[in-house]
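Right after this note come the structures.
Here come two complexes built around subunit A, the first alongside subunit B, the second alongside subunit C.
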Partner chain A sequence: MNWWSRPAADTQITHGNRLWLYVLSAIIMLLLVAPTLIVVPMSFSDSQYLEFPPSTWSLRWYEEYLGSAKWMRATATSFQVGFLTMLVATPLGVMAAYALFVSRHRATRAIFLLLITPMIVPVILIAIGTFYAYGRVGMNNTIAGLVLAHSALALPIAIIVVTAGLSSYDLSQEQVARSLGATRTKAFFLITLPQIRFSVITAALLSFLTSFDEVIIAIFVSGGANATLTKHMFAALRDYIDPTIAAISTIMVILSSALLLLTQFLGSKGKRN
Partner chain B sequence: MARADAGGSRSGKHLHEAALKRQHAREQWSVLSLVVPAMIVIVLIILIPLSWLFYLSFLGDDGGFSLENYHKMTQYKSYYRIFVTTFQVSILTTLACIALGYPLAFFLAQLPPRWAGVFMLAVLLPFWTSLLVRTYAWLVLLQKRGILNEFAMQVGLWETPIKLVHNLTGTLIGMAHIMLPFLILPLYNAMRKIDKDMMHAAANLGANPINAFWRVYFPLSLPGMVAGSLIVFVLCLGFYVTPAVLGGGRVIMVSNHITAILENQFDWGAASALGVVLLVATTFTLYVAARLFKFDAALFGRD
Partner chain C sequence: MTDAPQGTTALPIQIRDLTKRYGSVHALNSVDLDVHSGEFLTLLGPSGSGKTTLLMAIAGFSRPDSGSIRFGEDEVILTPPHKREVGMVFQSYALFPHMNVADNIGFPLKLRGISGAERAARVEEALETVQLSGFGARNIDQLSGGQRQRVALARAFVFGPRILLMDEPLSALDKKLRERMQIELKHLHRKLGVTTVYVTHDQREALTMSDRVAVINDGELIQLDTPEVIYNSPANAFVADFIGESTMLPLTRDDAGALLFRGQVVGDAGTDQGRDWTLVMRPERLFFADAGAETDDQTIVLTGVLREAVFQGESEMALVAIDDDTEVAVRFGTSGRASASGSNAGDQVSIGLDRNDVIIIPDGQAV
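Entry: the complex of A and B
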């Protein structure tokens, strides 16, 4: 039997019968990936205009980006805010996920729902709400304000990722350590944390990316010398189109692809352990 | 003797039980106290600002309680149009995501897990890429002299370039692309959990593949599809960036209007009221859905 007429599924349908599905899936995957990757060749264009494929090539948009004080300043801000968000959201997320996972208290369900509200509430509301509240306490346009707001967005993601890690880990190991005399804190750091480290790292990377890619809160709450990369990009996309965006986009695509592959690698490693 | 012994140990057990219970309760509280820092962040960023907006929305011009901000919404036709646009865009995007996402999720769920992981990168890469980058890419692809127009004219689909962006069409294309992973991921997880023996049994009992799919597989995949569609729908209701960029000012959704009110009139009452309506619509959709389908696990990744 050749591949074509071999059964593809339990209902004895053949790969030949399924050809339409394979073609359709290939088209949909192309539609998903192509618009993400198209910015790469565009960023090497020599033209002022948005043309694809570019007729002549150059590095001028990268020079423009690297030579612009405004873009460099915004890039530094975005990295700084992303990094600080990661440092806030990861430990807080791990603590909350662990507590909710271990505790048998009646309130855990309600607390869990409260902690994931940033995923449910439309971001525009968080943006204008914090903008208004920060206005009262003078925290608009500050790094600290932006980090705090981004941490709220990153927390549910960190909690969900770490909870998933905990559920594939056998908690009785920690109990063994404690029955042998370790305190709960010691047992956590020596026994549990090393075994859920891959989910903790994934949670950290996702927290960074959540902040780095966030647009709406940044539009409202960040500004002046502390405006983020996404705030400037949004303004550039809405008002005038500057091919420098293609160069910045390419860098962002490379960054997120690298982080994605890293988490996939960690995920498969985590499963093997 | 035996009786006395048993009685003694029983009362001793009681004694320990009380102490153990106390210790257990203390332990429970000390563990639970670990959520406090996370809760402080949520209270500061979500609860307090949202309560403030809620309060502002009921504040009249004179500073007293009033419903005028809500009353305005029923009076002006512009508000009506914004709600219609928001629902229209959200429903159409959700339908497009189902049409494109279902076949792909099905294809991925049929593959051996190893290969599914590789092809899944096609879903995860856009999911991880900034939505600004993707919105920008569509701006380029859909423009008048963009690759899509050029291609269609070469193939002969249409003669002169048609307007694909800065309107509803562009917004829908961009939003469907951005939302697609949110549908595929929960749907794929639900499909993976379907017992393969079900399809075996269906085939064994004489169902042809089409029958087996529609009468066994599809109903079993429905909870995953509903969960994914709801996530997409709810995210669409509050979407801001893509309609702002790809809609070119012609597609005004609730979020865009909230921003416009604040930018142009600085009317916090009106903006808050609109925000409250958006929040109620979002929560209501999720609440009804949670009632109808038990998809907590699929939605939040936790049983």
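Entry: the complex of A and C
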């Protein structure tokens, strides 16, 4: 029996019958990633302008990026803000998810929805609101301001990821631990946390990425010495276009994809445990 | 009690006026209960009767609305669970899947600062007690249900708790294993000598294992006594119906205080006047009497029509209609000797009940 006529699942449907589905899926996936991937060859161009496909090849735009104090500073800012966002959003997300999981209060559902609103509200609204609020208290263009705003965006993701991790967890383990002599805090750290660690790490990575990739809020509330990489890229695109952007994009795509793959890997590992 | 108890001395539990409400539901309604030092006491009741709520109150996980719980002399109602020194076994076992067997059992010891060789020795001893020597390095997912049960048990007593609580610990096991574990748990209890409160809704399990059984319904303690007394002298219709099988028939009382069932005297109400009385007949205490047998000083005889006889393996169950709307269940062994005396459905039969086996309960309504 060749591949065409073999069943594709526990049904009578063969791979041949499903061919249309495979082709359709491939086209959709291609459409999703092609715009992203198109910058990769452009970044290796020798031309002054964004060009596809490049007529000559070079690494000069990578050198340009790595040699520029301005770009390096923005990169450092992005990493710093991403890292701090991770440190703020992850513990808060774990605490919120845990509280909502443990509590039998009637309002848990409403509180959950409230906590994930930053995911539902258009980011531009959050950006504008934050900008005016920060204007009052002098927090525009500060690292702290950016970290707080990004944490609000990352928190829903952290909560959802950790909630999913907790959903199959048996809370009576914590009760047993407490009857065996552990305080509530100890029971959480010794028994619960180790078992949801993959969700927590995933939440941390996604929090970092949320901040690192974020552009709209950054445009509004970051600036000066504390402008992020994404803000600089946006400004560069508006003012003058050169392939440095393509080089930076390529690096960011690789970094983001690597982190996402890591979360997928951790996710499957967590499920097996 | 041949083996000397190991570990610390057992403690009695004294519960007074314990009440816990969830909204309008009285999960516990003014419960008074004394658990003697070192005894095996079972909380028995139907689903939702408040057994888990009571156990959780003893463990410290649910805070009663009012009342008192004492371990020995100490009031513990405000003591947090981790300071109560109570071993606990859950229905789901709640083993820690990220630790191996030895670390699971060693967990309470670790919390008490016992380390190294001593911890290892005590874990090994506990493993031996539950017949799992050599299983220390296993992961939890490499254990069968019964083995998990034993690990959960070892973890609950390894630190020498003064009280052991178990909430339906055997209900996830199949019947054979459950019956074996019942015996083993009983042995273990004798060996440890620790005050044990055990929860089940399986009346057979309760009768098998317990020194005393506390029957609970709707958050109230209905009867507390030894298995024999609970079975032979149920306090009311609920207990009679819940424990064992029974047929309940209303009695009438004559002016002299004698209790009558269809004109036959079956008991004596004494001077007790204004009550309803019910005759409880256990199917296995009834037997087929010879045709023509009459009620005498020893035996009460009823006649009726055999409706059907059902073979159930170790016994056979016959339903006998003693009148148009009253059926009595009769259970008899399936050895060659006993049988429905060759009767067929529709035949006239006589059934007998020894007067010693008569159970009469006051205020009973047939449930």
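The rule we apply is simple: the second predicted complex is superposed on the first by the 263 of 273 C-alpha atoms of A that agree within 3 Å, B and C clash if a C-alpha of one lies under 4 Å from a C-alpha of the other, contacts with A are read in each partner's own complex, and residues count from 1 in each chain.
We adopt the following convention: a residue touches a chain if its C-beta (ideal position, glycine included) is under 8 Å from a C-beta of that chain, and two chains touch if they have at least 3 such contacts.
Bear in mind the structure is a predicted one, so any value in this text is a computation, not a measurement.
Q: Do subunit B and subunit C fit side by side on subunit A in the superposed arrangement, or is it a clash?
A: Aligned through their shared chain, the two binders clash on subunit A.
Q: So, does A:175 touch the first partner subunit B, the second partner subunit C, both, or neither?
A: A:175 contacts subunit C only, not subunit B.
Q: So in the superposed three-chain picture, is A:183 touching just subunit B, just subunit C, both, or none of them (first/second/both/neither)?
A: Second partner only, subunit C.
Q: Please name the chain, subunit B or subunit C, that touches the greater number of residues in subunit A.
A: More residues of subunit A are touched by B.
Q: Classify the contacts of A:195 with the two partner chains as first (subunit B alone), second (subunit C alone), both, or neither.
A: second
Q: Jot down the residues of subunit A that show up as touching in both complexes, subunit B in one and subunit C in the other.
A: 184
Q: Spell out the part of subunit B that touches subunit A in their complex, as residue ranges.
A: Listed in rising order, the residues are 28-29, 31-35, 37-39, 41-42, 44-46, 48-50, 52-53, 56, 100, 103-104, 106-108, 110, 117, 119, 121-126, 128-141, 143, 145-147, 177, 180-181, 196-197, 199-200, 202-203, 207-209, 212-213, 234, 237-238, 240-241, 244-245, 255, 258-259, 262, 268, 271-272, 275, 278-279, 282-283, 286, 300-302.
Q: Using the touch definition from the top, list the residues of subunit C that touch subunit A in their complex.
A: Residue positions touching the partner: 59-61, 80-82, 84-88, 90, 92, 94-98, 107-108, 111-112, 152, 155-156, 159, 165.
Q: Could you list, by residue number, the parts of subunit A that touch subunit C in their complex?
A: The contact residues of subunit A facing subunit C are 170, 172-173, 175-184, 186, 190-191, 194-195, 273.
Q: Going by the contact rule at the top, pick out the subunit A residues touching subunit B in the complex.
A: On the subunit A side, the touching residues are 8-13, 17, 21-22, 24-25, 28-29, 31-33, 35-36, 38-39, 42, 50-53, 88, 92-93, 95-96, 98-100, 102-105, 107-108, 111-112, 114-118, 120-126, 128-130, 132-133, 148-149, 151-152, 155, 159-160, 163-164, 184, 209, 212-213, 215-216, 230, 233-234, 237-238, 241, 245-246, 249, 252-253, 256-257, 259-260, 264, 268.
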